[in-house]
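In the two complexes that follow, subunit A is the common piece, with subunit B as its partner first and subunit C second.
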Partner chain A sequence: MLRMPPFTVLNPSTVDEAMEQMLAAAGEARWLAGGTDINPNLKHRLLEPQALIALEGVGELRGVSVNEKGWLRLGAMTTLTEVAEHAQIQAQWPALAQAASLVSGPQLRNMGTIGGNVMLDTRCQWYNQTHFWRKSLGYCMKKDGTECHVIKGGSKCVAAASNDTAPALMTLDAEIEIASGDGRARMPLAELWQADGIWNRKLSPQELLVAIHLPPTAAKHHGAYGKLRDRGSIDFPLFGIAVRLDLDDAGKIAHAALCAVALQARPWPLKKVADALCGTTPGEQDFLDAVEQVAALAAKQCRPMPNIPGDHEYRHAMVPVYTKRTLFAAAAKAGPVHHL
Partner chain B sequence: MAARDQHGPGAPWGKDFHVVGHAQRKVDAMAKATGEAVYTDDIQLPGMLHAKMLRSPHAHARIVSIDTSKAEALPGVHAVLVGSELPIKYGVIPWTPDETALAVDKVRFIGDEVAAVAAVDEDTAQAAVELIEVEYEILDAILDPEQALVTPEPAIHEDRKRRDNISKHVDLSFGDVDAQVAEAAVVIEEDYEFSSNTHTAIEPHCAVAQLGADGRLTLWSATQITHYVHRAIARVLELHPARVRVVQPCLGGAFGGKSDPFSLEFVVSKLAMKTGRPVKMLWTREEVFYAHRGRHAMKMHYRTTATANGMITGVDAKLLIDGGSYSSFGLVTTYYSGQLLTGPYDFPNYRFDSTRVFTNKPPCGPKRGHGSVQPRFAFEVQLDEVAHRLGIDPIEIRRRNFLGDHTTTVNGQRITSNGFLECLDAVEKASGWKERHGKMPFGRGLGVAGSMYISGTNYPIYPNKMPQAGIQIKVDRSGLVTVFTGGNDIGQGSNSMVAYLVAEELGIRPRDVRVVAADTDLCPVDLGAYSSRVTFMVGNAAIDAARKLRKQITESVASHWATAPSEVRMINGVVIDLQDPDRTMSQREAFHLAEEAHDTLGSTGSYNTPTLGGDYRGGSIGASPAYSFTAHIAEVEVDPETGRITVDKVWVAHDCGRALNPTIVAGQIEGSTYMGAGEVVLEEHTMNRFGLHQGPSLLDYRIPTSLDTPDIEAHMVESIDPEGPYGAKEAGEGPLHSTIPAIANAVHDAVGIRLRTLPFHPSKVLRALAEQKPAQEVQA
Partner chain C sequence: MRVFRLQVNGDPLDVAAPEHWSLLEVLRYRLGLTGSKQGCDKGDCGACTVLIDGTPTLACLALPATLEGKDITTIEGLRPLHQKAGGQGVDPVQDAFDRCGALQCGFCQPGMILSTKALLSDNPDPSRREIQDALAGNLCRCTGYTQIFQAVELVADEVAGREPRKPAWAQAREQEIAAASPKEEPFQPEHGGQA
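Let's turn to the complex of A and B:
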């Protein structure tokens, strides 16, 4: 089988200790959460750190809790299985539970973490390959090379954000708690991203996602996640869309949000698109009309590129279909939307 | 000599079988379940070195120079090997030796083997591989088979008699197909395309070699053809074959992907000779994708003519086969692409013109249903079109054209037993066809298809008159019977099959039979696990050997009891006097009596095919002593908005002659159907515009997960072949074929579109649905 590059593994037990080790490594260390993504990436020589700092023993990174104000705190090391199967998350933040339930397959969800999924490296068919393969290609700009093979002459890497949970968290106004050399900070998840497939976060690899905080949802909150992929399991998204619908007492949509993924470097909030839904009533004609309108607008805003495997024109054709189906699923308190 | 001449298909003791036909545990099931089974990579020898391969980063290039000095200087490196040290060419087909263990002068695809390193561990070997400097002169790469057909230069193989990129051309005609067109009530003429796909056996290729102090070389390899590897190793390494031993350890799947001699087998052998140490090489999953030998991509043009009542009058085919960079089994593939289509239906007139070309891609070879899965897809879809055009039920048209049993096909193949009609009946009934076909709501459909396949062929790869399969039996005074077979158990259960047959024939329990297999020093030759030949041929040889032994035993016991041998019966290890059922003895006592009477007990048996095939060049390729038959009905759901095809259920009935172990037969039927379903909706082995494999990993090469697998209902039809072992025929490859066209035809029933290009990605479904709409509007 493919061999791992040599590295040492450090096992801190607190966030402070982890940060000390990271700073001491002077840029030559990477975090190890569930390992489900970094393992193949190491074997493919996409990363060549001297040390991995394993977060498994850091107690503060574990646990799911809801505080007295109704905020949900997810330790970054919470497994995707825990998120997907957590009854209160399923009830109050359904899009998140649904998105987590569709990441990869059961064994990898048992190992993979919510923090690892949010901070997932972008993916591209010209990048997620072995060293031999990439060397034969002449590499690409994301690693070891200068060219982009997705867009000829492109100056920016367009590897795709492929983290299913990120769009769900963004529709839910998630905030992230970060540890760095300067201490702790908290920021909206929506502000994390930058449009660069080489590194799509505004945080450095040395900073650590400690926890994700979600505000309480409305009494009549509806959410769902839709995922396009070839198989019923394992595969990364070919397109993903999270939906949030908050209804007022009269049953009208008071607030709506949509966010897509597996397009370009960033998860893609469809800000103005969702506005058309406000004031409509699920089950009524105005909602149906708005859904058609939203689906058409989503297809205009979401332009899949031939970055990840598969037919990108087909992915584009599925944008309105999955947008509609996910909206209907949310309205019906159903979902996730998936071909099985 | 041929075993077929001596045994009928009946039970050896009375009318009932005691082992055969009953569910039995596989002989190696517990060892595999507990992890005790030893696969090639489990072999660890003292002082063993690990080897890694340097591969070509170019699709087509000339090697100008190789500098290995830096690699040799790396501490821990024991030897570096380059192509000039193993220049003798080989190929599984003796007429087309065009491979070398490592590239000598040219590389022909990205991933072609160039050099190898043996070192103290894999990491050191890999580091040394990266220190080898190769200077290449890059040549134009030919990636498209149409281009290969018309482009003689650059020739991918330069030293052949014909200087072009045509690997093999076969043009055979039986009757007059063109004359049928004028009088036909219906003529359907269409193009079909089959994309390449690959085996994805769970175990990657692995080999270990050791040169003994006695000068004998032992090679353990994950192969399905020990005998051919034995011959190839002796030839390429210039060793006397008596000093080469090839052993196949427990194997983790093959499906045809381990039926060529592979580069790593020569490389570890040569490195073991150079270093004096045992050497192992285990390929990565990526390297297995480059080794490939998977299903050939084919572009197929078919024209079928039929009468108004659906009788086929002629089938005319023209096929372009993308062979990739080497010949492999290509000569046979090219014949099989035409020769194996002439049943289960009667073709009064038939012609095929098949051309296999070389391209700068990983070499194609035999994958489960070698060469005949692609034409079967095209023809069964076309037959459905004929039925649709004539308004005949698709099952009915298949019945009307039934070839029959104990007959001969248009191309001269002898057909013995043929249970195809029973197969059609079984799936028709089980699926509720009559009530449901053509009557379900838009989006849901049923489709049918049929097929046939060989149970081995009489073409032994290298011409010789010796048996195709041999068996030796040794009897121990403990009561244990040891059977030696050259047959390769690749997970299909051939060792178990041998144990069942010997146990049945001797009247003992399978647990008292030990099978020693696939070791060229210990076992008589069998040609290997390919062409679905093992059950038929090794099975007949096993019966042959056991029956001779049984005669010695029953005669000895009869003499002791002063009765006739026909009155001695052995059942489940107990010997009974039929005249006096209270008089019994154990098998062990019987063996002792036989050894006293006959000296040390032993027996040999063999099988060879009768003379078969049409009297023309290539007429024996595809000529089998017995053919299996299959019918599939698939039920699909097509989502017209996403284009996704969901295969909900597949009913499959397979004529396996006799099910020697129904559990294993059902497993083969289900596994074949699973594999076929994956080829329809998911799997695609393609190169990108640079000639690089699109995604040589199990993440990007998408085989169905359990969630993507249809519910499969396997039915067995037992036609009891007169020449098969107790009437058995093959079950490992036939049940793949008609899965694919059955699903294609079900899609037509569901939404009215004809998909003719595999795989059926949802985007193709959407395009076809979009094209169908305006056509309907025009008709309206």
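Let's turn to the complex of A and C:
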């Protein structure tokens, strides 16, 4: 039996109250959203806070709405099931709905939240293990130890960002709304990350993600998400890729973006893909040629490491395969791409 | 220690338990409701699935402090709730699982049955694919899932008043027998069958 270490649970009902409790705890408290990641981590003694601040009862963190300018606001505590099944998100921000639909299994999507998925702790096969297991190995630099078992002699933690929704949100130019002791702030999600597997966000654990804001998409927006994993029913990504294609009135691609995940400490936007894809027409030969080019580019830019389970050479071989399949799915307004 | 006010299987209960206990620990070790199974204890297997306000949820990862005021249904609640609603015997989902032999060791059953309850309340006529998706978070190490899917189809058909669909193997076997049987005239006893 895996038991959690002793802590108290606080139940605030507003963001201000939650923030007061967090500041009063002086670094000894952590946020509790859906609990699907922090609770196993507590059971593995990856963290031992004195208090958990449950966001369950904070009304401002709930709900999906679209404002008069067409921006989508997702409360951070919106469950992944709600995001995946929301008809307007499926229609206008398809990559996000698809990514949310592929996170883990049904019960975990019912509990897990979009905010929790974006703020997910990085994962590593040497880290997400019981205390007994990690102790037997002499621990690692992410928790309790000093060395890295992924890269011998490595000085930087390379635990992998494993949040499926983050790359989808990044291709959709998401902005995040943050509450801290200094009030509210808004920043692009793409600027949140830092290349450090121990803590891959430029926010402290005391800051709170309140909501995610997405700009409206054009009428001819296409998006898709592809996910490689061990079992089609559950599991973290072994490789994930989000695709965005915006077509102009002539049916040519005017804007393209790709972002991958489950490689290194942060989600990984692919560079220069727009150069190859822009101006091509899905369904025509020039698009097929561009897809080949982008797949080769992706295989160069995405270098899976032996940080998460799954042979990293196999994962690397799957990078161009999933890049192509996801591009074709986006072009056909299909997806998500995964195996059953 | 904290006193949690929980609504379990329709009963309002005040339960004293340490705050860091999971709902599964509270159900099993405070309330004696051991029907919810402890499998992996970290969200992989679905053996501890309970319904929170009708939604399948993992009790091993849920904290009771976040569940006050919500309706918790465990496997123990299905029969009493079915009878309270005017039904006879056990819940139709339990009955179908029983009749289809949808188990070997039985450890995954409580979770499978509760996931099925939630599926059928949202979607009374699920396809095989939809059943597979709905039960994707419940791991079964024995059956290979076939009888489980058949049980879900059986209860969906019976509740809707349809002729229960035959499993694929039974249809194939019937066709095989029909193809192999020689076409004979029906047997006519002499004297019109009279002694």
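Couple of notes before you dig in:
Simple rule for what comes next: the second predicted complex is superposed on the first by the 339 of 340 C-alpha atoms of A that agree within 3 Å, B and C clash if a C-alpha of one lies under 4 Å from a C-alpha of the other, contacts with A are read in each partner's own complex, and residues count from 1 in each chain.
Going forward, a residue touches a chain if its C-beta (ideal position, glycine included) is under 8 Å from a C-beta of that chain, and two chains touch if they have at least 3 such contacts.
Since the structure is predicted, the reported quantities are computational estimates derived from the model, not experimental observations.
Of the two partner chains, subunit B is the only one that A:317 touches; subunit C does not reach it. Contacts of A:1 after superposition: both subunit B and subunit C are touched.
Contacts of A:205 after superposition on the shared chain: neither subunit B nor subunit C is touched. Once the two complexes are overlaid on the shared chain, A:306 sits clear of subunit B and of subunit C alike.
Shared-chain residue A:105: touches subunit B and subunit C both. In the superposition on chain A, contact of A:233 is made with both subunit B and subunit C. Touch criterion not met for A:154: it reaches neither subunit B nor subunit C. Contacts of A:32 after superposition on the shared chain: subunit C is touched, whereas subunit B is not.
Within the superposed three-chain model, A:216 lies out of touch with both subunit B and subunit C [touch as defined at top]. In the superposition on chain A, subunit A positions 1-3, 6, 40, 105, 232-234, 340 are in contact with subunit B in one complex as well as with subunit C in the other.
Partner subunit A is touched in their complex by these residues of subunit C: 2, 18-22, 25, 38, 41-44, 46, 49, 55-58, 60-63, 65-66, 115, 132-134, 136-137.
The part of subunit B that touches subunit A in the complex is made up of residues 55, 57-58, 110, 122-123, 126, 204, 282, 284-286, 639, 641-644, 646, 682, 690, 692-697, 699-700, 702, 704-705, 707-708, 761-763, 766. Those residues of subunit A whose C-beta lies close enough to touch subunit B in the complex are 1-3, 6, 40, 105, 125, 128-130, 132-133, 135-137, 230-235, 309, 311, 313-314, 317-318, 321, 339-340.
Subunit A contributes residues 1-9, 11, 32, 35-36, 39-40, 42-44, 52, 54, 56-57, 104-108, 110-111, 232-234, 340 to its touches with subunit C in the complex.
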